[in-house]
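Order of writing sets the labels: A, B, C, D, E, F, G and H. Residues in every chain begin at 1.
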Amino acid sequence: MQHISFDYTRKARIGLPEAVFCQGKDPSIVQKLLSEFSKKNDASILFTRLEEKIFRSFPDETQEGVNYHPLSRTAFSRPLPNHASQKKVAILSAGSADASVVWEAARTLEYLGIQHEIFEDCGVAGLWRILDKLEEIQKCHIIIAIAGLDAALVSVLGGLVDKPIFAVPTSVGYGMAKNGESALSSMLVSCAQGVAVMNIDNGYGAACAAARVLNMIENA
Amino acid sequence: MQHISFDYTRKARIGLPEAVFCQGKDPSIVQKLLSEFSKKNDASILFTRLEEKIFRSFPDETQEGVNYHPLSRTAFSRPLPNHASQKKVAILSAGSADASVVWEAARTLEYLGIQHEIFEDCGVAGLWRILDKLEEIQKCHIIIAIAGLDAALVSVLGGLVDKPIFAVPTSVGYGMAKNGESALSSMLVSCAQGVAVMNIDNGYGAACAAARVLNMIENA
Amino acid sequence: MQHISFDYTRKARIGLPEAVFCQGKDPSIVQKLLSEFSKKNDASILFTRLEEKIFRSFPDETQEGVNYHPLSRTAFSRPLPNHASQKKVAILSAGSADASVVWEAARTLEYLGIQHEIFEDCGVAGLWRILDKLEEIQKCHIIIAIAGLDAALVSVLGGLVDKPIFAVPTSVGYGMAKNGESALSSMLVSCAQGVAVMNIDNGYGAACAAARVLNMIENA
Amino acid sequence: MQHISFDYTRKARIGLPEAVFCQGKDPSIVQKLLSEFSKKNDASILFTRLEEKIFRSFPDETQEGVNYHPLSRTAFSRPLPNHASQKKVAILSAGSADASVVWEAARTLEYLGIQHEIFEDCGVAGLWRILDKLEEIQKCHIIIAIAGLDAALVSVLGGLVDKPIFAVPTSVGYGMAKNGESALSSMLVSCAQGVAVMNIDNGYGAACAAARVLNMIENA
Amino acid sequence: MQHISFDYTRKARIGLPEAVFCQGKDPSIVQKLLSEFSKKNDASILFTRLEEKIFRSFPDETQEGVNYHPLSRTAFSRPLPNHASQKKVAILSAGSADASVVWEAARTLEYLGIQHEIFEDCGVAGLWRILDKLEEIQKCHIIIAIAGLDAALVSVLGGLVDKPIFAVPTSVGYGMAKNGESALSSMLVSCAQGVAVMNIDNGYGAACAAARVLNMIENA
Amino acid sequence: MQHISFDYTRKARIGLPEAVFCQGKDPSIVQKLLSEFSKKNDASILFTRLEEKIFRSFPDETQEGVNYHPLSRTAFSRPLPNHASQKKVAILSAGSADASVVWEAARTLEYLGIQHEIFEDCGVAGLWRILDKLEEIQKCHIIIAIAGLDAALVSVLGGLVDKPIFAVPTSVGYGMAKNGESALSSMLVSCAQGVAVMNIDNGYGAACAAARVLNMIENA
Amino acid sequence: MQHISFDYTRKARIGLPEAVFCQGKDPSIVQKLLSEFSKKNDASILFTRLEEKIFRSFPDETQEGVNYHPLSRTAFSRPLPNHASQKKVAILSAGSADASVVWEAARTLEYLGIQHEIFEDCGVAGLWRILDKLEEIQKCHIIIAIAGLDAALVSVLGGLVDKPIFAVPTSVGYGMAKNGESALSSMLVSCAQGVAVMNIDNGYGAACAAARVLNMIENA
Amino acid sequence: MQHISFDYTRKARIGLPEAVFCQGKDPSIVQKLLSEFSKKNDASILFTRLEEKIFRSFPDETQEGVNYHPLSRTAFSRPLPNHASQKKVAILSAGSADASVVWEAARTLEYLGIQHEIFEDCGVAGLWRILDKLEEIQKCHIIIAIAGLDAALVSVLGGLVDKPIFAVPTSVGYGMAKNGESALSSMLVSCAQGVAVMNIDNGYGAACAAARVLNMIENA
């Protein structure tokens, strides 16, 4: 039997509760945790990378009351209360193939009670896409920019907006896209200054990074 | 003759002025820019990666009035006015070999008029180092965490503080340290959530990322 | 027909019997070896990387009397006699996704007749986890430390305990975790001195390394 | 003694004369070839990657009559006659650190008798740079686009102009710029369709690719 | 729901209409786009990387009127009108394992209304293959050269013909073929000058690069 | 339809007939070639990397008369006549997981009419294995040495025997075995001098290299 | 000024005092630490990677009383007292090019007061070298095995001796030796079980790993 | 003092005497060996990778009587007697930048007493080069083929000649030539069958591989 030491004090320490990363875990353990946490009143936990096939294989009483979202592969029972901050996070993506990462970020923000708006399909091969939406994007306070391939969207964006940018490379594409490594490198060496980068496909992490900023503002 | 299109409107667009990255540029061009900008009253420019040997080779009238700092390889004539934000940035490093990156970040913040405090030599091989300073670090509002090798400092820190963290891998070490690639990977896959990462040795970028956050707070 | 030259004298030479690594071998050969060795009185052999699906496909008489453990994918008929050493090996892991490697190490030690204790889910994102267990861990004589991703657990541990540490990187995670290569590099360049490293996911090898130490003590 | 089989019929076969790549060749051989070819009336050869220090070490009679250009490290005695094509090649670069590659391309075109115009410092961190020059660029017939780091310029350009684009990644930058490999990958997986890519820093090759197009037009 | 911002003005801007890259997209979205575009009179769209299994799973009314080609995994309803250019593109391949890339290029040219001719199985292990076809190949105006493994075909070809060459590495082979990276590197460092290179397996991109050249000739 | 230019004159040119590498080819093409060549009297062709599942899916009349060997994934109708050389090739392997490569080499030699002897499971973890067989091995004239992982067998062998050695790395193992790249590197930098290396898992190539030597002896 | 937090309690915690890794540190800091520690009676510190040129540049009073060893690039004033353990560490190397790593290990053991014996030039290209010394090696209790290139020595050794083995890859060689990465991979995937591995060229770390074992024996 | 165990019996065992690889060895050791061996009557040793600057720094009495060749960086006092074999080795290279590797191979053959002929500058960008020399090359018995960049020469050659081919990649070129790794990969996956490959720049190894073949013929 696998032993789990749940980190109940994490929210108090760092402002973000522990989440359950399901990939690579035995489904029986995920099911046990899902059942346990959905019954508690005082604790709700986010499950990430939970494949639909696995979730649907659970008994009805486990699935019941769980808010599951297949594209993002996330689940939770109850979101945290609305964040005290009145600030909004923009989630941009370059193309529709980035959708699962977009929605992992969006669902994490939803779970954390943080306002957000999604701007999909802004890739710079058609520069008008990002230029048309610029005014709306600038009304947000933090930007999560999601792109694969050349990730050129991030550099263009970084030269046009004055907000914090958390960039997430995605593993779309083939050949020299190298499962997202090209996009990652492009973001890290972006000619636009002050862009911070997350692991490949890590929409969850970008949402947490945004939450750290908003938490700091509230606590300052 | 090389032609330079200086981006004078960048500060207005993104809140951060263009800087001159000197590495790989012909010294004569750097000298010309340094002379030009140090004479202007309304514009001061940050020069990064300017090697001491090159700076010292310039005529006295070029060096005069320039605030040059060898360890960080940075130069500027006048810092920007004090940032409206009353917030402070903590700059942590794992070991004394990370010093040039620490100081590139510190000097960039100084140039941008942003308060900051340096906490060097916090590597977790002696866990007491970071634990002893934790209270002071928590008084800051944003953390720049600089580490090479295993970059374990960043994961420990990320599990102990609730502030935004911009992590900078450094190219110290040998063998499998791979000029900073190991530290970079460790930071990107850190078990601590919401840590955002910059390019290897990019202290300048981390300072800019912090500035984007503070600018957003002021402008919100 | 594949020809196998079994190394019967290995235990006499190096203190460790040959084991059968099943991955990539034709199931019919594995079955033949399993049948052969389970019948011998004077020889018991450890089978590693034996997938449950393959083991279960064998006829009942082959499965009978075999101690098979699915999570670790190991099998043996009879463990070796209790090791003369009264010493105990601690097996630590960072997260529950490392379980199959933890158990490959544990099962190998069980087969070798060596005392051991498992400490799972000690990842440093919640530093209290490792600190809480430190006293118990220090009562052991050798430590096998298993971690994926940033492997920060190993560096923290190496700065807190004075025991030999054999570190095993695991292939958990995605993106820049690179199937365990990031954890491997982190361990090799760990800021904690004197940490020795095994191949990715090689729980078996770490148990053997511990056995070499205990054998040396007994024989000295 | 090194034996050289000069490919005198190459121009007849592929429309481009053989050139001498000097890097890695013994200076005495380069000097011999330079002397030999500058004296011939019917043949002029382009020398690439000829370091200034080496060229200046040659005796005066070797240097005499040679058109040497230090930044591009190229030399030739006489350019080929003006190309029959009335078409013009645009050479764009992202930043001033790309200058040596820009000039290797420009000098090769000059040697081949092909019209060209240079547009430096067009990096998209200041999007106005490329937009301001777009009309002029569109008047050219072929584009050589030179960029390092994220190479985002190429993707933006590819979505704005309808001309053939030969993209050259440069080895500027540090860390994850990986001596131009990041820029190369970005160009190869560019979201802009139909962009063709050359080896890192290969300004010479891009000029030859443009010449193949112009030769085809003339010969068709 | 995924949001798509179709780039209707792309053809006007760059001479090439947007295409739909189906890999990684949800089949329901592909089906929706396929239905939508096949009904329009004024717009026909190319679908690439559309697996046969997915296409065949669509309802009959979606499949109807669609020109689908399994080997190339491409689909379109109506090709664009015949290209004004009277020029022809040669598509060469080294071996029969390169066929899916050959046909992706051919089908894209067919969709774009551009004349082309296929020369398969020209690998230089039998040098007569390419020499026998040389005269026919030279009658074409642009060459798309497709090869995996050592990609030696491209270097030999580049030394024999005077036409523009767009080289496409393929992911055939095993071991050090590295899914096409060896072929890619060989093409980029080819000893034949002026060869331009596309991403691994990117037959579509090579056809677009050829189209950019032909469009330029028509518009010049 | 895929077009194949069979290289009928290859045997005359290089002493080795063309073979059909089936992986990545459409099964219908493989079937057609298999049928065609098994009927000819004057030509027999070797098929490599032909998966059993595909071969068994062919109609009986195609399978009939074909000598198929599943472990090596090879097929041919008739071997070439016995090689004039009276010399024998030794095929050594380090472990039983290397068997498919061993047999690809053995079957190729059988097809080429060349004498050979197999020595399996000679890995140096039990040094007696190779030492016991040394006398027999030395009676052969050429050695094909097949090993994965550390490939230490090759270096030990190279220091003990005076015969030509063609070393083949195999893709066995996990983690840092890197699908055979570690074994490949070890062989290339072997401390034993004069060891020549083939691509990973390329048993076919090693047999051809041996055949080149034997052909040269006969023709000299 | 760089701030150093020396970890004075490390010896008490983990049995090994902190050492000063000089590479990448400013010489003035190294000199200051060297002066400081050589004067203390109760503390002696090991300096590693201290280049001779730098050490010799220090004033005489700094050099005085310091035991400096150029090949190993190590310095200390006084070794620790003889280790309570009566056990001996064997240091083996494959070739004479590994000498600086051999001596870094030897000097660290000398500093730690641990008995040791050096066996150089044991590479398996001449198998008799290691076989001749085997009896002497087996009299030691722990083995540090140092090798570059194919590192075959480690696998042979691991199959012949029953002692703990700490293997150190070295960066000797060229081409595919890849600065020690090939040797590292070979060691990690060694066919000999229970071999533990250190970072490339890390003789210091191997000595510390051996010390952890000996400390454990004394404290048990 | 470094200890050297010279392998005097190697010639008897494997037909090739031990050689001294000087790179990375202390010059004083090289000098000592050079003096020692040049005085012996019954033993002559080959020194490889001995830089001219180091050789010239030795005292006259050490240099005297030594046959030193700067381009190949090799030295020996007396060659071995003429090889009993009447066979000749062809050494081909693609370009003049490969010369140091060509000459390392040639000098090793000279030292071993083996006949050889050099064919430089045969690169396939001018296919006539290799075709013109084909008849002469075919008169040799073994081919050493040396090439960098795309290494296309090797594939063309392998399809034209029936002799054993030992291919040596060279580290010439820049960018994606990757210090010879591209050439190495191309050779390993060459479409020409039975080509065996040596480490990058390893002319010495190729000569030894050829010698193994010739020795076998003599001894058979």
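We adopt the following convention: a contact is a pair of C-beta atoms (placed from the backbone, for glycine too) under 8 Å apart; a residue touches a chain by one contact, two chains touch by 3 or more.
If you're wondering where the values come from, they're calculated on a predicted model, not measured in any experiment.
For chain G, the chain with the farthest CA centroid is E. For the pair chain C and chain E, the distance between C-alpha centroids works out to 50 Å. Centre-to-centre separation between chain C and chain D, using Cα means, comes to 57 Å. Chain A and chain D have Cα centroids separated by 43 Å. Computed from the mean C-alpha positions, the centre of chain F lies at a distance of 27 Å from the centre of chain H. Across the assembly, chain G contributes 10, 125-126, 158-160, 175-177, 181, 184, 188-189, 192-193, 199-200 as residues in contact with two or more other chains. By the definition given earlier, chain contacts exist for A-B, A-C, A-D, A-E, B-C, B-D, B-G, C-F, C-G, D-E, D-H, E-F, E-H, F-G, F-H, G-H.
Those residues of chain D whose C-beta lies close enough to touch chain A in the complex are 94-95, 123-127, 149-152, 154-156, 158-160, 173, 175-178, 181-182, 184-193.
Put simply, chain D touches chain H in their complex at residues 2-5, 7, 9-10, 18, 21, 23-26, 29, 169, 171, 179-181, 184, 199-202. Those residues of chain G that touch chain C in the complex are listed here as 10, 13-16, 19, 87, 141-142, 158-166, 184, 188-189, 192-200, 204-213, 215-217, 219-220. If you check the complex, the residues on chain G that touch chain H are 71, 96-97, 99, 118, 120-122, 125-126, 128-129, 172, 174-177.
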